[in-house]
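Look at the two complexes coming up: chain A is in both, with chain B in one and chain C in the other.
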Partner chain A sequence: MRQHAGTANRVWLTILALLCLAAGAYLLLLASGTAGASESPVLSGPPEEVTGAGYAPGAVLIAGLILGTLGLWWMLTQIPRRVAADTFRLQENPARGITACNPSVLAAAVQDDTDRIPGVVGSTALLRGTAEAPDLTLKVTVNAWADIREVMDRIEGAVVPHLAMALENPLHSLGVQLEASNKQGLSGGPVTSGGTVVY
Partner chain B sequence: MSGNLPVSLRPRPSRAVPAVICALVLLAAGVMLVWAAVARLTTGLWPPFFTAVSDWLATLNWNSAGTWTVGIILAAIGLVLLLTVLVPGKFHALPLRLDPIREVSGDSRAVMSRRAVARLAAATCEHIDGVGSASATASDKAVHVSVYTPLHDTADLQHWVTDGVRSRLQASGLDPVPNISVSIRSGR
Partner chain C sequence: MTTAGIQDVRSTAARRQHLDAGDRGRTVLSRKVLEKVAAQIVVDETFAGGSSGGFLGIGARADLTARPDAKVELAGNVASLKVEVGLPYPVPLRQATNQLRDRISSRVSEMTGVEVRQVDVTISWLRPAEPDDGRRRLL
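Here is the complex of A and B:
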């Protein structure tokens, strides 16, 4: 349901991989003598000579800040994001008043509707997009003995139409993620019984 | 009007582990460089851990063993990182059949997590006569069920479990239905 940093990870890992490969290959070419004299020293003078002694601390400071910021940003992007919708504006005519609705209120109603389906143990709803084109993502945990088709039919036939009716607009997209649990459903569902059969 | 889901329900693994390792390495390198620069600006001397690297590099020439080692390690790290990007990884969820819904103008999709599929398969086995206990694991293409039974003759039970789990997953709407394999442990 949440957004992960898959694309950013792939891009930055590719950049780092290519940099490491290029640096490694260049070092090996230098070591083998293909790209220069292999017997010359790696450092022919103090490293400060590269930028000049006066600029070396500044250059190192800037390089450190860039690397540190990049590392920190990259770590923070690993936190999954909900990317929930802003307030839905159901009617935008200032002359007649504005009707606004917090998407979390609608999400709570969707959850309540879903939890009433027999076999459902719990649910989480998340609305994205706008009131005209809402995207609904629903995570539903069902009892492991529940009739999955029945649960899906009730979501398609009741939960989604109720939300569409409340918003007076069809949904832009629907995503349902099913999980299973051994807990009993909130509104009933399959039951197990034990006893002795006497012949 | 048509539209995709804003967030994929069935994403490939996000490569979070190599990303966090690389981010930590970058952060550590950044902190050390800032520390060295601040020490140089305040005391007028580079800190010992910083000069140790340049001292070591000054002892090397391009054809020395140290240079070869660093070159090979860098190339190997680059190759491993490239593989983490190119190898797609397994899906964490299996697709579920969903009929078009009148109230949805764009994409409608449903998935079931691998753990949920495994729980469903194990729960199904508990309804089959002769099964003492059952556990299951699921990948994105196959489900493996391990069954313990007090029965000695397990040939029929193997078929019952396979058919039972397959029909339950099929009835649940998994599309395609994953391959079912069953291993039976017999004994008292």
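Here is the complex of A and C:
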């Protein structure tokens, strides 16, 4: 249901690994004497000689800020987040008008539909993608009385076709996460009966 | 009444018939009237609805019998409408909103004489259609 920063993690870990690899290779070259005498210091003079006398504190400060910002950004990307689709534009004809529908409206309808399945005590739907190729992620909480096979059949046989009919496009992908709970099911409303009352 | 009096009345009526519509007066429709007409058409003549209850839009609930929000932009005798409606679920949304758009355009033009050029539809909620309980409804 939530998106994690997998790609960012892989990219940064690769960059760090390459830097560590380069540093390790340099140390090996230093130790073997290929890169020069190991006794000589990395900086032969004070750091001001590299940056210039007046710029050393500023350069260190800027480098620290850049590293700090990158570190903070990386930490923030670790927070899992829901990435929903933008508003679906079902029709876009300037001459006649546009039709727009927020994916959360469709997700609420899908949840209503799912909650009517016997044994389901709650559900959360999230739509991603586009109106032409929607991706649906559905988290369904069922209780002990639920028949899992029946719940899945009802999702695939009614809930998903209803959404596909509303959008007039088949789903691009469907993800269902089932959870078990000991909560009671929905109490439901009054039922109608076609029976005859005999006095 | 005398014969002369009857002739006077008839001649006045005849004179009025000869006057052009523009000379007899002017009918001015405010934007609000058009908005209400459009919203009422949606409730009375289509399957769409609006929202009712709540305070400043907070806590409003889906209601197929409520008038939806409608906004009108007028440019002379040409109007552009924006309506925010709720629809029963499941229905094919493109087809349903196309029918809604056609209905609003034709009926608003027919009732007010204003040409409707564009109708933007925003779907604000979708609710499963209530099952028919077999009872007769009062019209």
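What we mean here is this: the second predicted complex is superposed on the first by the 155 of 199 C-alpha atoms of A that agree within 3 Å, B and C clash if a C-alpha of one lies under 4 Å from a C-alpha of the other, contacts with A are read in each partner's own complex, and residues count from 1 in each chain.
Throughout what follows, a residue touches a chain if its C-beta (ideal position, glycine included) is under 8 Å from a C-beta of that chain, and two chains touch if they have at least 3 such contacts.
Model, not experiment: these values are computed from the prediction.
K.L.:
Mind working out whether A:G71 is in touch with chain B, chain C, both or neither, as first, second, both or neither?
P.N.:
After superposition on chain A, A:G71 lies in contact with chain B alone.
K.L.:
Is chain A touched at more residues by chain B or by chain C?
P.N.:
The partner with more contacted residues on chain A is B.
K.L.:
If you stack the two complexes on chain A, which partner ends up touching A:V105: first (chain B), second (chain C), both, or neither?
P.N.:
In the superposition, A:V105 touches chain C alone.
K.L.:
Just checking: does A:L16 make contact with chain B only, chain C only, both, or neither of them? Give me first, second, both or neither.
P.N.:
A:L16 contacts chain B only, not chain C.
K.L.:
On chain A, what residues does chain B touch that chain C touches as well?
P.N.:
Shared contact residues on chain A (touching chain B in one complex, chain C in the other): 163.
K.L.:
Residue numbers of chain A touching chain B in their complex, please.
P.N.:
1-6, 9-10, 12-14, 16-28, 30-33, 36-43, 46-47, 56-58, 60-61, 63-72, 74-75, 78, 83, 128-129, 133, 135, 137, 142, 144-145, 148-149, 152, 156, 160-161, 163-164, 170-182
K.L.:
Could you please specify the touching residues of chain A with respect to chain C in the complex?
P.N.:
Its residues touching chain C are 90-91, 94-102, 105-106, 108-109, 112-113, 116, 162-163, 165-168, 192, 194.
K.L.:
In the complex formed with chain A, which residues of chain C make contact?
P.N.:
80-81, 89-95, 97-98, 101, 117-128, 131, 133-134
K.L.:
Over in the complex, which chain B residues touch chain A? Could you list them?
P.N.:
Touching chain A from chain B are residues 1, 3-7, 9, 11-16, 18-20, 22-38, 40-41, 54, 57-58, 60-64, 67-68, 70-82, 84-85, 93, 96, 98-99, 101-113, 115-117, 119-120, 122-123, 171-173.
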